[in-house]
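Next come two complexes, and both contain subunit A; in the first it sits with subunit B, in the second with subunit C.
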Partner chain A sequence: MTTTRLAPSTAATAPARRKRPNRAVSARHATRWWVPWAFAAPGMILFIVVVGYPLLRSLQISFYQWAVLPTDASTFVGFDNYTRALGDAEFWTSMANAGIYLILTVPLTLILGLFFAVLLNAKMPARTVFRVLFYIPVVTSWVVVSLLFKFLFVTDGGAVNWAITDLLPLTSEPVPWLEQRGTGLVAVAALGIWKSLGWCLVVFLAALGGVGEEQYEAASLDGANAWQQFLNVTLPGIRGTFLFVLVLQVIGAFNVFASVLLMTNGGPAGSTEVPLTYMYKQAFSFLDFGYASAMSFILAIIIVVISILQFKFFREKN
Partner chain B sequence: MKKSLPAVAGVVTVLITLSACGTGGVDGSGSKEPVPTLSAGEKVSGDITFWHAYSAGGTEVKTLEKTVIPNFEKLHPGTTVKAVQVPSDQMHQKLVTGVASGSLPDVIRADIVTVPELAKLGVLTPLSEAMPDFDTYAKKMYPGPLSTNKYKGKYWGLPLDTNTKVVVYNKEALSAAGITSVPRTLDELKAAAPKMGGGKYVFAEGGSGGWNLLPFIWSNGGEMTDPEVTKATGYLNGPKSVAALQMLIDMYNAKQLPQAILGASGGVGPTDGVAKGTYASMIDGPWAFPNLKTSFPNFAPQTSPVFSGEGGSISVVGGEDIVMTQGSQNKALAAEFIRYMLSDEAQLAMAETGQLSAQSTLESKVSAMEPFYQAYLEQLKTAKARPATPQWAKIDDIFTKDAQQAFQGKMTAQQAMDDAAAKIDPLLAQG
Partner chain C sequence: MTTLTQSEPSRSTSAPGEHGPNRRQIKPLTVLRFFLVLVGACVMVLPFLMMVSTSLEPNTATLPTPPHIFPLNFTTENYSEALGSSNFGLYFLNSLYVAVLTTFFVVLISSLTAFAFARFDFRFKNVLFGLLLAGLMIPGIVLIVPQFVLAKTLGMTDSLNGLVFFYTAGQIAFTTFLLRGFFERVPKELDEAMTVDGTTVFTRFIRLYLPLARPALATAAVFAFLGAWDEFVWALTVISDADKRTLPLGIAAFQGEHGSAWGLVFAGSTLAVIPVIIVYVAGQKHLISGITAGAVK
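What follows is the complex of A and B.
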């Protein structure tokens, strides 16, 4: 939350401060090539051990009918696990659900996040209190809030149904939220939006602080109203940040897991399964690690392609 | 994008190196070790580790750690049993990772449906071959729980504790609807259902897996597989199995069964519903009683046998078996510990905490402990176990999803069970 205030000042003073020590360092240590590596080593070793190796190992597993017992032989099956996934209707249902979840969560999170960021960027009383309140969901435990949302969406006696049947009588029958596909995904998406809104808001706030005050002054001198200023000054000013948030939110939508597992557990009849819950069940319930690994790589490829497309789309407009 | 080429080349190189390393051992030697003979009364020493999922909340873990294990260690000086409690919903995952990393303990209290799976993986010692006194234990057990240990003609464990489900009902909810006595048969259940209404139900079921629906199928005279567990076609999609499912579907369509049967979360759970009178009855295990006593101290639950049909009143067996791993370094002590856990002393101590003994010889002593135990012990005499097969998790998933499709009207009951049987047969053929 302090980033907004820090961002402009560090940007202005940092280059000036860095200049001299920088030259001195490079002159003194020019021959010690390993120094930067030594500084990077702890992080890199951690990355290789907990991300790099498991990633490569699971790529290897994805080509095998994997035996859980290390002393048993695993059978090499080539691309069988991949072709099986491509023909698996339940896998595609889970992908479609991730797509629906994405469409339900990402636009709303971005729009609401930006909306509240613009509001909280203005000078107002108790601004910090609001910023903290918006950020609280981000730091709560997924497990706790998933269970909480499950209680909110309970069919008989849940707060949401109470609100729509008794408080504002929109319907006479309680909606079986978690007991069918569409409404189940809506409930899970509601949690997703609530939980990631604060993060988007904070990142946008930081970016808004970086848009120069003089640009707004120039725009108002040209006679631009608030909305025109938002469109022509604010939005272009935070384009980079917007892309960053968008890409991460899309990746996050494909990786939704704990909320689905706890709120619907993929049910009823597997209709709210998402890729990660489906993979998890293949691996840890059915011991089909090869198949689960293959699906995880198909998902990764899809995410990479979508991310590249997002970058392309936003660059061309520049 | 051009910059990433060297990175791709690097990944490919590492991959080739990795695959050259192979995939671990290739001889599958784990399951071919000779089975040792572990006679009773041998001098034992050293230590063993015991994994269990006794619930930490109540008195189970306390009794195990403060009474049962200290008593065993007193009987066998110089031995240590290290008990590790694993939350029950994490036990399967913990076992899987234990198998993969070779870090299983010596003795496991395993859910009855995971014993064939572990046996097939080759990580268990067959007790029927390793323990010369196996038969003296086996013949004391109820047949249902004992059958859960059998895979490929050998017994890989022994029933440590057992449970089953009976009808638990709310007498006031029934009489409020003008139903004078609890339905005892499937027909009476069907007849009583329309008398409820107004958001109330005569019966609630919390899922559509084998654990939930098999009591209806069995009681109606149906089956899931043949007795040898080799095929489902002709059994699961046979007329009596389908009719049992159809009856529940009809009730569901007539809004006489709450949504909970779809396995969907969100509705009122059976236990809460029965206590509050929203539901008049449910089929549940002995754990319902301590839960009800804590949450609803004024509610007096009643019991009745599972709704009977042409097949009788057949409930489903739950509970845990005790097994010894192949990799145990102290099998003599492990065997002695298993014997103690099955002794009258340990069984009665654990029965006090709610763990029913699977030994028919202890029936009168156990049923005297709590008034509601009697109903469960009676039901256990005819209760059946879910098919003992290493493929159970997958089979149950297929059955559950097809049954749910039928409840949702996407298939008829017959189509759903035809589909399930056709998918289950090849799994059973794998053994």
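What follows is the complex of A and C.
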């Protein structure tokens, strides 16, 4: 609204001048100083109490050997919890697992999401139905889909093992999917891809709708084939959305939790633990709140740094 | 986002002539495209079919091979047991209570807050809004330890109302962000016309802004309901009383105790999925507009 007033053309300034007396009226009636505060207060208070304050509190807890019982005294230990995490092999295993999960899930989810979005972008029968079907895993509880995939990956008689031994004879022995590190992470990653594919698809689909038809027509006039059109028109056209999806998927990969907890529970022997399951167990199985808080801050810092790097990388290439 | 402005309207005028012949050539490609999407959709849906089919068959010691997509030995015994002795009926009601109340409070409180940010200038406005945006980016799990300490202090563990309180607070940032954008697009002229009539801000909020924002409120409600209905980690952390379990918590606990009773596990899971499908299909359009609101710009 301020820009219309600053605009140099007379066409823009005329309506702005007409508005001004009205705005004065509205100011006189509406802006007693406490009115906006009264509107904002319930939400802001709730937000500050439940999100803002705990964030600071978490930082404080991370510097203490925190006593869970309010009657006990907590001891200030400085950066001990942080140095302990940096030297904790199990913490680094969990970070490495998050990295493996990221590599297994993010590229495939983005590629498949974009692939199906491009397919669904053109007119076809039952388009809305397909979009709904792809999105159903996204809105389903992590508990339901995790148990569902645990069921699919059961060693004896699970659907996946049936498919790779009987349907396509790839192996003769059933694979103990959830009982070893590598295959356990693959199973969890399969769920990750399946569950977030629909979200990527819907976001990409909306972005594709914003790429002008005339650009495709111009490209085809220049003799570009479908693949060249995809590279030269589609991809540049959705660059911003692609970055957004990528960053959120990477953050999501570091935040993988319920699926690991319910499918492998970090086992066998902690080999499929991810940062959040490890942190959660330190907090609520061993009641080591200080250590868990320190780990959550290290994780948050890593996530922020990686997000910034992705933005930088893509901005420079732009 | 910036690239969207690069369209060249001058060229588009020469295009329509090319359109007709192109269309006809594409036909076999359309069939292939349809087929590929169909395969993808089947992969999305098959696990759910197996879930429902397993819930409608008797529990057996070994899983049937090949896996059933449709129930061959149809029975509803899992459902009667799930609703009866396994307490899934109670968990369902707990979940419904929590999700409905959360939806109500999220929409109510967020619309007030969003209105303040959309239509007023006040001190610290940008700081406060920045705080909300930062809250969107903090992964919830980082806060789980201090939030648990807070819940203990407030006496809100083992309580369904406690769940409502924390779920509501957790969703406010997102919903406020969503609704603010919508309130900002309400034409100022309408507001000013009512101001001249001497109505109060609150009347304008109720009579002008809320009715106009109905689609956005529906979006917010769908997100709030699904978020609360599906939530697991926080409930796992604060609920230990078995009678206070929500459905996801109940299902997970049941699977932990009776690992291979898949028929029962999936009867509970199907109960959990049905309201999601109803809300999702009914609010589909609103949900999509909410997802894409932040992404595409």
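To be clear about the criterion, the second predicted complex is superposed on the first by the 272 of 318 C-alpha atoms of A that agree within 3 Å, B and C clash if a C-alpha of one lies under 4 Å from a C-alpha of the other, contacts with A are read in each partner's own complex, and residues count from 1 in each chain.
The definition used in the following text is that a residue touches a chain if its C-beta (ideal position, glycine included) is under 8 Å from a C-beta of that chain, and two chains touch if they have at least 3 such contacts.
Keep in mind that what you see is a predicted model, and the values were worked out from it rather than measured.
Participant: Once the shared chain is lined up, is A:R57 touching subunit B (first), subunit C (second), both, or neither of them?
Facilitator: A:R57 contacts both subunit B and subunit C.
Participant: Could you look at A:G157 and tell me whether it touches subunit B, subunit C, both or neither (first, second, both, neither)?
Facilitator: both
Participant: Could you say whether A:S74 touches subunit B, subunit C, both of them, or neither, answering first, second, both or neither?
Facilitator: The first partner, subunit B, only.
Participant: With both structures placed on chain A, which of the two partners, subunit B or subunit C, ends up touching more residues of subunit A?
Facilitator: Answer, by number of touched residues of subunit A: C.
Participant: Based on the superposed arrangement, let me know which partner A:F284 touches: subunit B (first), subunit C (second), both, or neither?
Facilitator: It touches subunit B and subunit C both.
Participant: Return first, second, both or neither, reflecting whether A:F130 touches subunit B, subunit C, both chains, or no partner chain.
Facilitator: After superposing on A, A:F130 lies in contact with subunit C but is clear of subunit B.
Participant: Counting only touches as set out at the top, which of subunit B and subunit C does A:A89 meet: first, second, both, neither?
Facilitator: So A:A89 meets neither subunit B nor subunit C here.
Participant: In the overlay, answer first, second, both or neither for which of subunit B and subunit C A:L168 touches.
Facilitator: Neither partner.
Participant: If you stack the two complexes on chain A, which partner ends up touching A:G212: first (subunit B), second (subunit C), both, or neither?
Facilitator: A:G212 contacts subunit C only, not subunit B.
Participant: If you lay the two complexes on top of each other, which residues of subunit A touch subunit B in one and subunit C in the other?
Facilitator: 57, 150, 154, 156-158, 284
Participant: Tell me, which parts of subunit A touch subunit C in their complex?
Facilitator: For this pair, the touching residues of subunit A are 1, 19, 22-23, 25-26, 29-31, 33, 35-37, 39-40, 42-44, 46-55, 57-58, 61, 112, 116, 119-120, 122, 124-125, 128, 130-137, 139-145, 147-152, 154, 156-159, 162, 166-167, 194, 197-199, 202-203, 206-207, 210-215, 217-218, 220-221, 236-237, 239-241, 244-245, 251, 254-255, 257-258, 262, 276, 279-280, 283-284, 289, 292-293, 296-297, 299-300, 303.
Participant: Taking the touch rule as given, give the residues of subunit C at its contact with subunit A in the complex, in rising order.
Facilitator: Within the complex, subunit C touches subunit A at residues 1-4, 6-9, 11-12, 14-15, 18-19, 22, 30, 33-34, 36-38, 40-41, 43-45, 47-48, 50-51, 54, 62-67, 109-110, 112-113, 115-117, 120-122, 125, 128, 131-132, 135, 138-139, 141-150, 165-166, 168-170, 172-173, 176, 188-189, 191-192, 195-196, 198, 200-201, 205, 226, 229-233, 237, 247-249, 251-252, 255, 262, 265-266, 269, 272-273, 276-277, 280-281, 284, 287-288, 291-292, 294-297.
Participant: Can you name the residues of subunit A that touch subunit B in the complex?
Facilitator: Residues 56-57, 59-60, 64, 66-74, 150, 153-158, 176-180, 184, 263-265, 267-270, 281, 284-287 of subunit A touch subunit B in their complex.
Participant: Give the list of subunit B residues in touch with subunit A in this complex.
Facilitator: The touching residues are 11, 14-15, 18-19, 23-30, 92-93, 96, 99-102, 117, 121-123, 199, 259, 262-268, 278, 393-394, 397, 401, 404-405, 408, 410.
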